[in-house]
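These are the structures, in structure tokens.
Shared between the two complexes below is chain A, which pairs with chain B and chain C, respectively.
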Partner chain A sequence: MSSIIPQISVGLSIASILLLIALGLAIIYGTMGVINLAHGEFVMLGAYAVWFLQTFLGIGLIAGLVLVFLLVGFVGWLVELTLIRRLYDRPLDTILATWGVGVILQQAVRLGAGAELRYVKMPDFLVNPVHVMGYEESAYRIFIFVLAVALLLATYFLIFRTEFGLRLRAVTQNRDIARCFGINAARIYSLTFAYGAGLAGVAGALVSPLKSVSPDMGTNYVVDAFMVVVVGGVQSLLGTVASSYLIGQANGVLAFLSNDTMAKAVVFLGMVVLIRLFPQGLFAMRLRRS
Partner chain B sequence: MTRNRDAILRLVGYALFCAAILVVPLFVDNGYLLNKFARYLVFGILSLALSLSWGYAGILNLGQAVGFGLGSYCMAMALKLRTIPIQTGAGGLPDFMVWNNVQALPWFWVPFHSYAFAIAAGMAVPAVVAFLIGWFVFPARVSGVYVAIITLAMLVVINLVIIDQQPYTGGFNGITDLTTLKLFGIEFDAYSDATYYLAAITLSLCLFLGLAFVNSKTGLILQAIRDDETRVWYFGYNVAAYQNFVFCLSAAIAGFAGMLYTLVMEFASPTFLAVPISLSIVIWCAVGGRASLVGAALGAIVVTGVQGSLSDTPAFLDTWMLIMGGLFIVIVLFLPNGLISLIDLALGKRRRGRAATAAASVVAIERSESSRRQSAAR
Partner chain C sequence: MGLDRRKFLKGTAAIGAATAAGFPQIWIKNSGLAYAAGEIKVGVLYSLTGTTAIIETSLNQATLMAIDEINAAGGINGAKVVPVVEDPASDPATFAQKARKLVVGDRCVSVFGSYTSASRKAVLPVFEKYNNLYWYPTLYEGRECSKNVIYTGAVPNQQQKDFVPWLVKNFGKKFYLIGSNYIYPKEENNVCKILLKELGGEVVGEEYVPLGHSEFSSVISKFKETRPDVIFSTVVGDSVVALHRQYKAAGLDPKKMPMASLTTSEEEIAAMGGEFAAGHFTSAPYFMSYDSPENHKFVEAFQKRWGKGKTTNFVSEPAYFQVHLFKQAVEKLGKKDLTPPAIREAAWGQEYKAPEGLVKIDPDNSHTYLWPKIGEAQTNGQFKIIEQSKEWVKPLPYWAYPGQVCTPEGLQQKKA
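Coming up: the complex of A and B.
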């Protein structure tokens, strides 16, 4: 019995990272229908931004988070403005175009920052483990968990409690009617895309001390994040949360029972079954077939 | 009349393309280059296979590399078993099994002593795997993005399992140190004309058989499914069965391409069925023209060719990825039907919209249906 609590905390830790990465994707995909394959590269950009701030400007991870959010958000805003905007009538083609964006970002970083692995330092006060209910727990993982929850709440507030969110939901439900009511759909879309990209950047910044930073680190995340979003149900924040938790826990438990590789294989297989049984996701809200 | 002229023009185009790839060895007397060209052709076959399911049936298969990789492993297993004993463990056991303390040849390796079985398996195994996935997915009327995600997930699963089962599959390293294939007295050395011709002839055959297939009744129904799935259900067709059929066909062709790839590369590796190559196939297909078989094949050849030559040129060593990415975005934005649509533009043809093609194929089906009904009534 004593091994259950550490086990759950491993799962929670995986889940909070998944949630951080999937949150931005869920918003972009859920509201705009854009399949953003460059999402992993936004995560990577966030990680590099933190590394840059830390190494060259001496700005620590936590102090730099807002800056990273704005920076990567700005990149996302540019991408939307120049590219995504032209593809709203061809949603499947966004897969292709954003893949191209991903390739360019990856190579640009490789040229700018070098292909070698980079390391980001944890904030000093989070390095030592803390004791919670008699168990030793990594302080940084708790920090990530708290931040994931905080960002989730912020996103919830933004979408359901602000004027911007109201407009966003209107555009999501019916773009043309929303525009008839004087909502500037194009502006809403670019801000949403920028927000999603910014969240990805923050996610990248937060995972950077746990894993080494490299130009191709994003590729690993984007597939996982997509699974989370699709399993949870497009357009459902609750679904994204639930499926990150589910997938994180399943990953943790199965890795404990066998090994990491097989755990991942089994989890993916489980996701395929879930998508087949619940094509609209576990927590489908309103459905609009385009 | 114009329809006829179009069809003849297209046939001429296909024939010219095949002639062009078949005469290459007459001008190139360099084994290394031929090997490189053969690789591009194999990618062409792979891309053509995706065009069948994506361009003609609307199934965006992000796991196209599953068939490719499985085919490649089937060929590699057969070649590994025939590798001269020096490189092989005691009792004819492949070397990596010896290193992993495997005592006897696993049962599923045994039939690969026969080339005939291996070649059949190289197409059958991918087709069966595709059938199982398709059987699971299509009847639920899962479509669009969800098919893409499911196929991508299956790719990851199969890739992970192959890497994990190191004693039986060679794990990360794949299956290396292979003998060369000898069939009908021809030795298919990776750097020989024979291997190049094998790839070129396969691609040519695939092009013409594929053209016949997409213009058959089944092909028309598939195109109608791509354009309006629901409507085809209402006509009384079992859409899922048609989708699964083309999905399996595409996987089998990819499997054959995989076998050729093993011959060309002289090894099989889990990277052959990893996410990057699988996405690349989609890219080739989109660049060349997803709804044109020769376009898809050309897309693969052009993209990998440009990639190969740019990455070999010192000036572009660092920037070729940037160039490729940019080029790709431009094509997606301004040439949604791929490079092949440049030919249509050059010929001054009006661009036919998707609606027009949809209407055409549905009308064709309705017509054949009504004629069938009429003859039955008579």
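Coming up: the complex of A and C.
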């Protein structure tokens, strides 16, 4: 019985990382319908950006987060401007194009920064664990959890409480009509893409001290991100939250009961079944009614 | 046109006949040929691109440095050693293809290569078919006995025989075995379990994570649940980095529950940061911080040749000394037939003062006598050597399989 609380916290911790990684993709995929296979590489760029800031400019992880967001967002903005924009009517080609962008980014980092693993320092005050309800918890994992929730709230606010969000939702529902009302759809799209990419960058920066930083780290994250978004339902922020929680807990519990190899296999199997039963994802239908 | 078609055909036929007649002679009597141009060709087969490129590049560099040293000192019996470098791109199929090129195309008398067991297994058929010789520098899981390989890395008995009893004595009998999910960790853990059984130890958990795994929170909560005295780790690659960082972030203490690893080297520590590695242990025959005149010379030469911040490690050191053992073997042969089987026989029993200490190729099984050491990782990224074997340790590649023994004729079944 004593293992229930630590178990929940393990699940929450995995879930918060999943949410962090998937949030940017949920925005790009959910609102713009762009299947962005370069998402993992944006995560990787974020990790390298924070490594660069730390090693060469002496800017710490937390202080650098805003810069990382702007830097990776800018890369996203460029990608949208030069490539994605020209492919909005050809979704299949977008998949191939973004995959190509991913390969280019990965190799560029390999050439520029080298193939070796890079070291990102954890902020000093977060290295040691803290006591919560009688249990030792990693301070850094709690920090990640808090930031994941904060970013979720910020994104929610942006989409549902600002004028930009209103326009974005209008363009999402019907681009042509929205344009008739004088909304600059192209601008909305490029800003949204940049925002999603920036979020991915922040996610990469945040996981870098806990995991490892290498040019091909994005490959795993892009799979996780798509898994979360597809299960949750493409157009629903709530769905993204719910599915990252679900997958995180399932992963945690299964890994505890058997092992990580098994957990991964079972979670993937569960997803296949789930998508078969709910092709739109868990939350898509309910959202439409409201 | 003075050359008509008929003459041309005759001419080529004659050349063809001459080659056909000459070729087998050269082929069978490899002698003379190797020295013909005053040079000895060897292959260097380490990946310079792909997943394992980082570590294999250091092996390539250590090998080339040793070859340069030999040539600077006048070569072998007056002949220069010429390295033929190929990049197998971390892909076993490419390894096999490049190995064939080096053996058949370039007629190398030996090839130095491989880091992963998968790549070694992939080139084996090539070396066995053409009866050539492969020099393999990496510590590995043992349980192999090829006539065409000289193994200069550690096998499980060399890394664990002193290490496990030492861990039991200093920390306790409860072990948690964690490894990456492939053959090497499983074989090492087999050996560990046998040793633990003899010592009355207990395995409280055994788990394998997928290669490249980076989310260890479940594993860590199992550590907390089972409270082992020692975490015995054979996790490899970037997972090592994630495991150490998450271990510390979760509040576990190396003083009470240290990780004892066979795979964590100076390279991984540089990537995770010394503060995350400090207090954990690794068993290996070589550490960069080892204090010996040979090692000082090796480290200095390596950094001078390849860059100031470069680290040497327990894989690049054998990659370096095995070239010197090759040299001694060829020297012993003199101007006689320089064939791979002759080199192999001459290599048996060769001794060399390597950076880790005096090593010897075991005539019984073509593996190498080594000097196991136990190192404790420090915050500066280096290891402090706390225990050192008092004598060199004989390699026993089939230690965990009592019915089998590796001999110069190949694997034999012992009759009980």
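List of remarks:
By definition in this document, the second predicted complex is superposed on the first by the 284 of 290 C-alpha atoms of A that agree within 3 Å, B and C clash if a C-alpha of one lies under 4 Å from a C-alpha of the other, contacts with A are read in each partner's own complex, and residues count from 1 in each chain.
Everything that follows uses one rule, which is that a residue touches a chain if its C-beta (ideal position, glycine included) is under 8 Å from a C-beta of that chain, and two chains touch if they have at least 3 such contacts.
For clarity, every value in this text was computed on a predicted model and none was experimentally measured.
On the shared subunit chain A, the superposed partners chain B and chain C are arranged side by side without overlap. Legend: residue contacts after superposition of the two complexes on their common chain; A:168 is shown touching neither chain B nor chain C.
Legend: residue contacts after superposition of the two complexes on their common chain; A:194 is shown touching neither chain B nor chain C. In the superposition on chain A, contact of A:264 is made with both chain B and chain C.
If you stand at the C-alpha centre of chain A, chain B and chain C are 60 degrees apart, rounded to the nearest 10. Once the two complexes are laid over each other on the shared chain, residue contacts for A:138 go to chain C alone; chain B is not touched.
Of the two partner chains, chain C is the only one touched by A:122; chain B is not. In the superposition on chain A, contact of A:226 is made with chain B only, not with chain C.
Legend: residue contacts after superposition of the two complexes on their common chain; A:23 is shown touching neither chain B nor chain C. Per the superposed model, the minimal spacing between any CA atom of chain B and any CA atom of chain C is 5 Å. Taken together, the two structures place residues 259, 261, 264 of chain A in contact with chain B in one case and with chain C in the other. Chain contact summary for the complex, chain A toward chain B: residues 35, 37, 83, 86-87, 90, 92-93, 95-97, 99-104, 106-108, 110-111, 219, 223, 226-227, 230, 259, 261-262, 264-265, 268-269, 271-272, 275-277, 279. Within the complex, the chain B residues that touch chain A are 60, 136-137, 140-142, 144-146, 148-150, 152-154, 156-157, 160-161, 163-164, 275-276, 279, 282-283, 286, 318-319, 321-322, 324-326, 328-329, 332-333, 336. For chain C in complex with chain A, the residues that touch the partner chain are 51, 53-54, 181, 207-210, 212-215, 217-219, 221-222, 224-225, 238-239, 241-242, 245-246, 248-251, 267-268, 270-273, 275.
By the touch rule above, chain A contacts chain C in their complex via residues 3, 6-7, 10, 13-14, 17, 115-119, 121-122, 126-129, 136-141, 209-214, 216-217, 220, 251-252, 255-256, 259-261, 263-264.
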